[in-house]
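Below is one structure, written out as structure tokens; the observations come after it.
We call the chains A, B, C and D, going by the order they appear; numbering starts again at 1 in every chain.
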Amino acid sequence: MSKTRLEAFSDGVLAVAITLLVLDLHLEPGEPGGLFAQLVAAWPSLASYIVSFLVIGVIWVNHHAVVRLVQVVDRTLLFWNLVLLMFVTALPFTTSTLAAALAGGDRTDLRVAAVLYGGAMTGVAVGFTVLQARITGQLVASGQMDAATRRRSLLRFGLGTVVYPVITVVGLFSVVAMLVALAALSLYYLFNQTGTSETGHLGDGEPS
Amino acid sequence: MSKTRLEAFSDGVLAVAITLLVLDLHLEPGEPGGLFAQLVAAWPSLASYIVSFLVIGVIWVNHHAVVRLVQVVDRTLLFWNLVLLMFVTALPFTTSTLAAALAGGDRTDLRVAAVLYGGAMTGVAVGFTVLQARITGQLVASGQMDAATRRRSLLRFGLGTVVYPVITVVGLFSVVAMLVALAALSLYYLFNQTGTSETGHLGDGEPS
Amino acid sequence: MSKTRLEAFSDGVLAVAITLLVLDLHLEPGEPGGLFAQLVAAWPSLASYIVSFLVIGVIWVNHHAVVRLVQVVDRTLLFWNLVLLMFVTALPFTTSTLAAALAGGDRTDLRVAAVLYGGAMTGVAVGFTVLQARITGQLVASGQMDAATRRRSLLRFGLGTVVYPVITVVGLFSVVAMLVALAALSLYYLFNQTGTSETGHLGDGEPS
Amino acid sequence: MSKTRLEAFSDGVLAVAITLLVLDLHLEPGEPGGLFAQLVAAWPSLASYIVSFLVIGVIWVNHHAVVRLVQVVDRTLLFWNLVLLMFVTALPFTTSTLAAALAGGDRTDLRVAAVLYGGAMTGVAVGFTVLQARITGQLVASGQMDAATRRRSLLRFGLGTVVYPVITVVGLFSVVAMLVALAALSLYYLFNQTGTSETGHLGDGEPS
């Protein structure tokens, strides 16, 4: 099967998911109190929009980097890609729940919303790491990568499977700290953590 | 006409349909009773989300596998592809109706919702089987497939045209059993049932 | 500029527009009266969904057929393509208004909704005809089409610029007759009316 | 990394964002007063729909023109592209807020909505100018563009970074004048302001 359609479908799902985030932004001009007060009160939605846009955007960047190396597109790979996409697609939902909990939920609601968001991100990290384990496994099998490089790559790229649960625990105490940590981890993944060079006649993966 | 745009348009429709499923997930933090109780009460939406995501995801995998073999893109093929996509696009609607019926409908509502969901899936199966019959017909005509292989392929791949109506009948008695059966049939279709090899320099279609 | 991105963007817009139609389908299980009665009462939404899905699907088929012949992608062409897409994108809105008018509007509401739908379709037809006039003009200029063929092609393909206004007038008297006429005109356009062969190593454009 | 997926993802996001604009168009046939009066009262939504469709459409045209020249796709470029897309994706929200403020907001609401819309457009202009500065920088470095051409190109193409703030100030006094100015600036950008020829075997970028 072809890598092209795997990429096209994944690009489509990620593009729709990232754009659906905007549906959570909504103001009602003409209501008593004024639009400016509403905009200020909507800071949880705006902050969540920015963080989740960055999160999904960086997921796309890394999906790009990981899938680029696929040697063989079999149905197992497609299945794990679907699992990854299912968790990413849930992010507009977990984002909107988190924003609403910040805006009007009590302490317990905030914790439930944080676990929901953190759980989906952990699902993303697990899905991504399985994908990358399979793909780098193909590379080792075909002699294009040595086993030590693969191990280092999985350690660096798989970091999220450990850090997202930790961030979720942080969220139990402070959702704002959780959002900051999520943005920081997205910046980590914005840089190349795949353990493979992205050069060639294309960039070196390190922002300049 | 070109296969590329047929694939691009279908990928786009399937990507949007699978992502729209998330719009059915919605919680209201700050309401009396708490978010956790709401989340528990929302199990029909969560279960339907997972099953329908799997269902549409596997539809995409098989669309990929079937269309890959197209020899001639004529307008009849495009028409049947549209019919298939129309039933797939209805799934976010039938999914959300089924989830709402599970959450708050009476016995009759549940049955109507089950027939609606099962009807759409039967439509998908019929559309897919017509597409595959036409495409494998092209392959037989051009001597790339023998008639016996085509017959076996249609029997295996067309199974859904018989099984989805059966699952619909199951849904009249238990919607939960229907969801389990839908997930099981999706797993069946996750494996290669097209009766054609998917190897080449690509995988063999059998998950390992 | 490249034809590939023109096609990719148009495919994306058409795929999203055709899938958004489903957002107009909505039932409320658990309400008094039962789901079945609701489903029956929702026939205008279901009928409009099917007609508009067919309409946008056939627009995609013909967009495909027309853009395939582009020789030069300049900014004027992109502008007219945007105009065409703007009217297509309005169809989920005009469809939902028409369905709601059928379900609960008075005579005048129905007429306003019919004019809105017919107006958008006329806009689609005008946009399409301008696009095709420019593209076949390029073909005549480069000697790949003679002027007589172009004239016949514009007459056949441009038919909608005349027929959609007529259908709109029909809609003033009967919206159901209008929906039937819209479906019939879509069937007309499902066949190849571009006045150019679609053969080559691809089909002949005539369903068999 | 590949330019193809950068283009595919951006096309997807822009296609979804431009199509989501239609969700803001909504009429309720059957309400007292009649559909025609509602349609007339909805002029802010209709005008905003047309202006924002043109705005995002022209953003797509220029994204196409700018990204076409990319020599090296590195992660910094992908980051700036994400920033650009984040502001574009916010446009359905700022558009709907502006329309609602026009329809029912007081003087202050209108000003807040105008600043929101103008702010997002300024963000788009800044993101675009950074992208183009980086891309033309690559061209100068590889000797395919001289520094003077790059300077002229940045002046012409970067105009929006100055003009959108001015339009925002205009919006403080009249939102209608702002919409007209936005449409005019989109027409400016509809023509080729990238300072590079778009010819080759493709058009010359100047509408004829």
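Following the convention adopted for this analysis, a contact is a pair of C-beta atoms (placed from the backbone, for glycine too) under 8 Å apart; a residue touches a chain by one contact, two chains touch by 3 or more.
This structure is a prediction, so every number in the text was calculated from the model and none was measured.
Interface subunit A/subunit D: under half of the residue numbers present appear on both copies, so the contact uses mostly different residues. Across the assembly, the mean Cα position most removed from that of subunit B is the one of D.
Between subunit C and subunit D, the superposing rotation on Cα atoms measures out at 90°, rounded to the nearest 5. With centres taken as mean Cα positions, subunit D sits 26 Å from subunit A. A separation of 37 Å divides the Cα centre of subunit B from that of subunit D. The multi-chain contact residues of subunit A, meaning those touching 2 or more other chains, are 8, 11-12, 15-16, 20, 23.
On the subunit C side of its complex with subunit D, the touching residues are 1-2, 5, 8-9, 11-13, 15-17, 20, 23, 72-79, 82, 85-86, 89-90, 92-93, 96-97, 100-101, 103-106, 108-110, 112-113, 116. Chain contact summary for the complex, subunit A toward subunit D: residues 7-8, 11-12, 14-16, 18-23, 25-30, 34-36, 39, 49-50, 53-54, 57-58, 60-61, 64-65, 68, 190-192, 198, 201-208.
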